[in-house]
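Multiple structures follow.
Here come two complexes built around subunit A, the first alongside subunit B, the second alongside subunit C.
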Partner chain A sequence: MATAKAKSRVARNLIVLWTVCVLAFLYIPMVAIVLASFSKARYFRFPVPRWTTQWYDKAMDSLSIRDLLWTSLSVATLVTVFSVALAFMGALAFARYDWKGRKLYQRLVLLPIFFPQAVLGLALLLWFSALGITTSWHTAVFAHMVWIVPIVILIMSIQVYSFDPSLEEAAYDLGASRFQVLREVTLPILAPGVISGGIFAFLLSWGNFPLSLFSTGADQTVPEWLYSKMVMGYTPMVPTLGSLTMSGAAILIFLFYMVWMIIKSRQSRA
Partner chain B sequence: MDETQGAFLELRKVTKKFGNFTAVDEVDLVIAEGEFFTLVGPSGSGKTTMIRLLVGMDQPTGGDINLKGVRLNDVPANKRPTCMVFQDLALFPHKSVGENIEFPLKISGVAPDKRRQRAEQLLKQLRLPVDYYSKGVNQCSGGERQRIALARALAFDPDILFFDEPLSALDFRLRKTLEKELKDIHRETGKTFVYITHSLEEAMVMSDRIGIMRDGKIVQIGTPAAIYNDPINRFVAQFMGEVNTLEVESAGKNTVQDIASGARFKVRAMPDGFTKGALIIRPESVKIGQSAAKLPNRVKGTVYNDYALGSRVQYQVRSETGDMQWLVERLQDEPFDGKAGDKVTLGWQTEDSILVGD
Partner chain C sequence: MQGQANRFLSWLRQPGVLNAVPASLFLLIGFAGPLLMVFGYSFMPPKTFSLFQEPTLANYSSVVSDSYYISFFWSLTLAAATVVILFFICYPIAYGMAKVFGKWANLITVLIAVPLLISENIRLFGWVLVLLKNGILDGSLQAVFGFSASGMLYTVPAIVFGLVYVYLPFMLFPLVIGISMIPDTLKEAASDLGASRWEVFREVELPLAMPGIMIGGILTFILSLGSLAESKILGGQTVVMIADDIESAFTFAQNWPKGSVLSVLLIALSGTIVILLFRRIDLDRIIGRR
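Let's turn to the complex of A and B:
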């Protein structure tokens, strides 16, 4: 008995140790970036010799960095709006309605996800030039959507699959118009899926590098800038801007979590 | 003209085809205002398709559906003065009990305080606590959800309320309670109820009239008593639950012969042109022991087993020739203390012989 207990305690400790190792492996690089952004040294050394927030002040003052953030934000916001609208319909076609050719659609629409992004970016660039379209952050919105819309369709479809179509029929039968059915029943019930799809769309666009590289033309997003500065002309602004984009994403996820909890508690109020 | 007298809902040759498959086949039906009408049929008999045509979820491929003299065929479900309680109830999970009940009122633009008033009134009418108004529907029990669905339908104030087997998922005791409650609500509201189910037993408890459906046609319509006492054919008879069935052929005036044993039995009346069919005797019509001795139709057998059914006792008796199992029921206090292995005589009155053609 005693040995069995001791054994299970050892096993438990090993599991805890393993989990800590995995988490450390995942998060130490990110923590290192944040530490580097607060280091006075021009190159990252550990332990940090002297602390400073001067890089943040500089980042805030820099017009070019404001431009970068603004471009990234514009791309990600537009991608989110269009992707959610398109993917909502796409997810209904994917999971809600039975129609001829649905099986084929389900396969084809997901293919871009598995396409190497660099190749996809190159292909899109070739298309843009063939069509005589000058690439800029506008074309990047389109390029991102080619890859992101299928992902958002997949995410929303999970929610749509669990949607009971008889709810729509019941609302319709009780006198609601098609629009009222959508507003009163379909949208509110699918809202968690729509919101998480939107969050994914934003974050995937916000952090995307390969598609942006080929499709932004003269404009630059934050990930592109980070890469180009790493290749040549490293400054401590790189970890600073990196930390800023990371915390932006973290705040968004946190807000999403709050919204999620509110929706959940409203749906299961006692 | 006589037929349409008092016609509230009238179906004329209503047909629904899916490709080559005919789900509903030229059905004629007249339902009177305030009636509780039930369609009974096995799955695949077309009863679900039928109710979907009537509420407007599907359009018939032929025939007319008239309500109060107005043709409904092309009126979409949301414009029809009818509504349905779904099999899975289809309560909106993101809305509270009160919001669910109020839904049709919200759609038609009734002011919030008026809506709430009506919702609370309906909660009371359906024997639900008024403070359930703000409760989540997923916190409610099966029976409560049933009542909420009915309250929501009543809030719509339809001319006809349709029910698509809403009680089928509930346990036996709750179902029995709700069947009676539904009949009470029918009486209190005076509305026309059209109910579908696969259970004749359930239909008999509630309905004014019952229609039995098979292969897209209504094969028999009548009061519960008429259906129970005079099933028109073997198919309808099968819905009566556990019965004794003998394959028989005609053997002279009001007499039939059991094909297996050659025994002859008296029947009430033989349909014209009857040659072969089934003789049906309900377990409760069969007497056992002493009380069977003087009855016109008798069979000898051996008690194989007995089953207590609460107020009644059921016996399984195997006939002497060994080719027939009989189910016999008697009330708990009727005298007979047979046990397994006893030789007994079974008997029944001529009027309890139900003869149906194939």
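Let's turn to the complex of A and C:
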């Protein structure tokens, strides 16, 4: 019996070790980019001979980089607002109510997530040009939503599945109007799902490349610019801007984590 | 007629249907519409830009007779390799997250999900910096051991490496769900009845975790099949994958009908796999599990 226990302890330690290794592996490229952004040489080499922060100063001063960030920010913000609104209703239909046709609806919602994004982007490019719409960052908002709305529906649904409908019914019985029920009962309970859905929508749009590539027309988002410079005309701005967008995402995730913790501690107190 | 209209109206008035309307309409316009149009274009004469011409099968026959089967072959092979490698990498971690780590599992979930929110491009570029000649790996090896490991970038293994790296969470999370659906008591019962560890794994664990394994496998297979960035950034065009072909047909070659045919074939391939999967799996049970 003792040997079996020892064996399972070894297995457990191996699993822990393996997990730590893979987690480290996931973060290696991020570390590499941050290192490269502080390297003075025009072309990256390792070990880094001399360090500098000049690329950050240059990035801050550059008007074209400001434009890129502004385009990405506008796209991601609009995508977040529209996706959350559409997906909130969509998630109620996905998980809260039982209706004829729901299974078909669930499949319609899931298909775009499984779909190759590059092909989706090209199909949308054809679609816009057939409808006579000139592509710009506005059309990119639409293109991102085709992929992001389903994901947000899925994320919110996880919360909606654990929602107790009798709470809504109780509020109706006590004389609350439809709007009051939504504002006072449904939304507060589903708030964590709505917030995480919104954060995901923002970050997925912020980092999206394949859909932006074909739907932004003459405008350019940050990931598109990074890609074009990686392929042709490399500049040290690539790791610099990469590090900047990564830190932006990290700050947002950290804020989200704090909000999440506050909501959780409030709920456990209530 | 009247009765049917009334029945439709009362169906429409259900709260579930009303809530489904905006998202469904949006997806019909933004997803079903474009795909139907691609399907339509695939029957138009080559190198034309209008949808209102006599339908033809010329594109399909030219795609079959051209060498596109090579890029399909590469995409299928690389996707299959990715799935197999990911399964072996992720299974121990998924097992740990479902059965061993306890409270720590939440933190690990967050740590694995965070890279997903950073642009795929940026992460792949990070690997370029690592694998580059005089890059982080090559440079450290030279400094420490005095030998060089350049030439790892722009190869087929580099593409598979990129696919494994990018799609790891999509294999891991379904596996975690699958493995956490196995009741511990069943495994104990099996070993009490004299089954060896391997037998418990093969006869109890694996079959019960199968829904999760299937979802993870198919998800990563389809995503790798349609991938574009990995072969471009890490592969440097050593191999042309099918998404590359589709892109160049639509952009450089300006041959929309040919690009459409290739898209239709790719969609048909992945669509068949997804539909077969959905038929065997109960979504409510997997997503809604507490």
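Heads up, the rule we're going with is that the second predicted complex is superposed on the first by the 251 of 270 C-alpha atoms of A that agree within 3 Å, B and C clash if a C-alpha of one lies under 4 Å from a C-alpha of the other, contacts with A are read in each partner's own complex, and residues count from 1 in each chain.
Keep in mind that, in the parts below, a residue touches a chain if its C-beta (ideal position, glycine included) is under 8 Å from a C-beta of that chain, and two chains touch if they have at least 3 such contacts.
Everything numeric here is computed off the predicted structure, so don't read it as measured data.
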Under the stated touch criterion, which partner chain does A:133 make contact with: subunit B (first), subunit C (second), both, or neither? neither
After the superposition on A, what does A:60 contact: first (subunit B), second (subunit C), both or neither? neither
Is A:6 in contact with subunit B, with subunit C, with both, or with neither (first, second, both, neither)? neither
A:251 in the overlay: touching subunit B, subunit C, both, or neither? Say first, second, both or neither. neither
For A:188, using the defined touch cut-off, is the partner it touches subunit B, subunit C, both, or neither? Pick first, second, both or neither. first
Check whether A:125 is in contact with subunit B, with subunit C, with both or with neither, and answer first, second, both or neither. second
Kindly classify A:116 by the partners it touches after superposition: subunit B alone (first), subunit C alone (second), both, or neither? second
Pick one for A:167: touches subunit B only (first), subunit C only (second), both, or neither. first
Have a look and say if subunit B or subunit C is in touch with more residues of subunit A. C
Which partner does A:230 reach: the first (subunit B), the second (subunit C), both, or neither? second
Which residues would you name on subunit A as touching subunit B in one complex and subunit C in the other? none
Name, in rising order, each residue of subunit B that touches subunit A in their complex. 55-57, 76-79, 82-84, 86-88, 90, 92-94, 96, 103-104, 106-108, 134-136, 138-139, 152-153, 156
Complex interface listing, subunit A residues touching subunit C: 12, 14-16, 18-19, 22-23, 25-33, 35-36, 44-47, 86-87, 89-90, 92-102, 105-112, 114-120, 122-127, 130, 142-143, 145-146, 149-150, 153-154, 157-158, 161-162, 200, 203-204, 206-210, 222-223, 226-227, 230-231, 238-239, 242, 245-246, 249-250, 253, 257
Can you tell me which positions in subunit A touch subunit B when the two form their complex? 164, 166-167, 169-177, 180, 184-185, 188-189, 266-270
What part of subunit C is in contact with subunit A in the complex they form? 11, 14-24, 26-27, 30-35, 37-38, 41, 51, 89, 92-93, 95-97, 100-101, 108, 110-112, 114-115, 117-130, 132, 134-136, 138-140, 143, 165, 168, 219, 222-223, 225-229, 232-233, 243, 246-247, 250, 256, 259-260, 263, 266-267, 270, 274, 278, 283-284, 287-288, 290
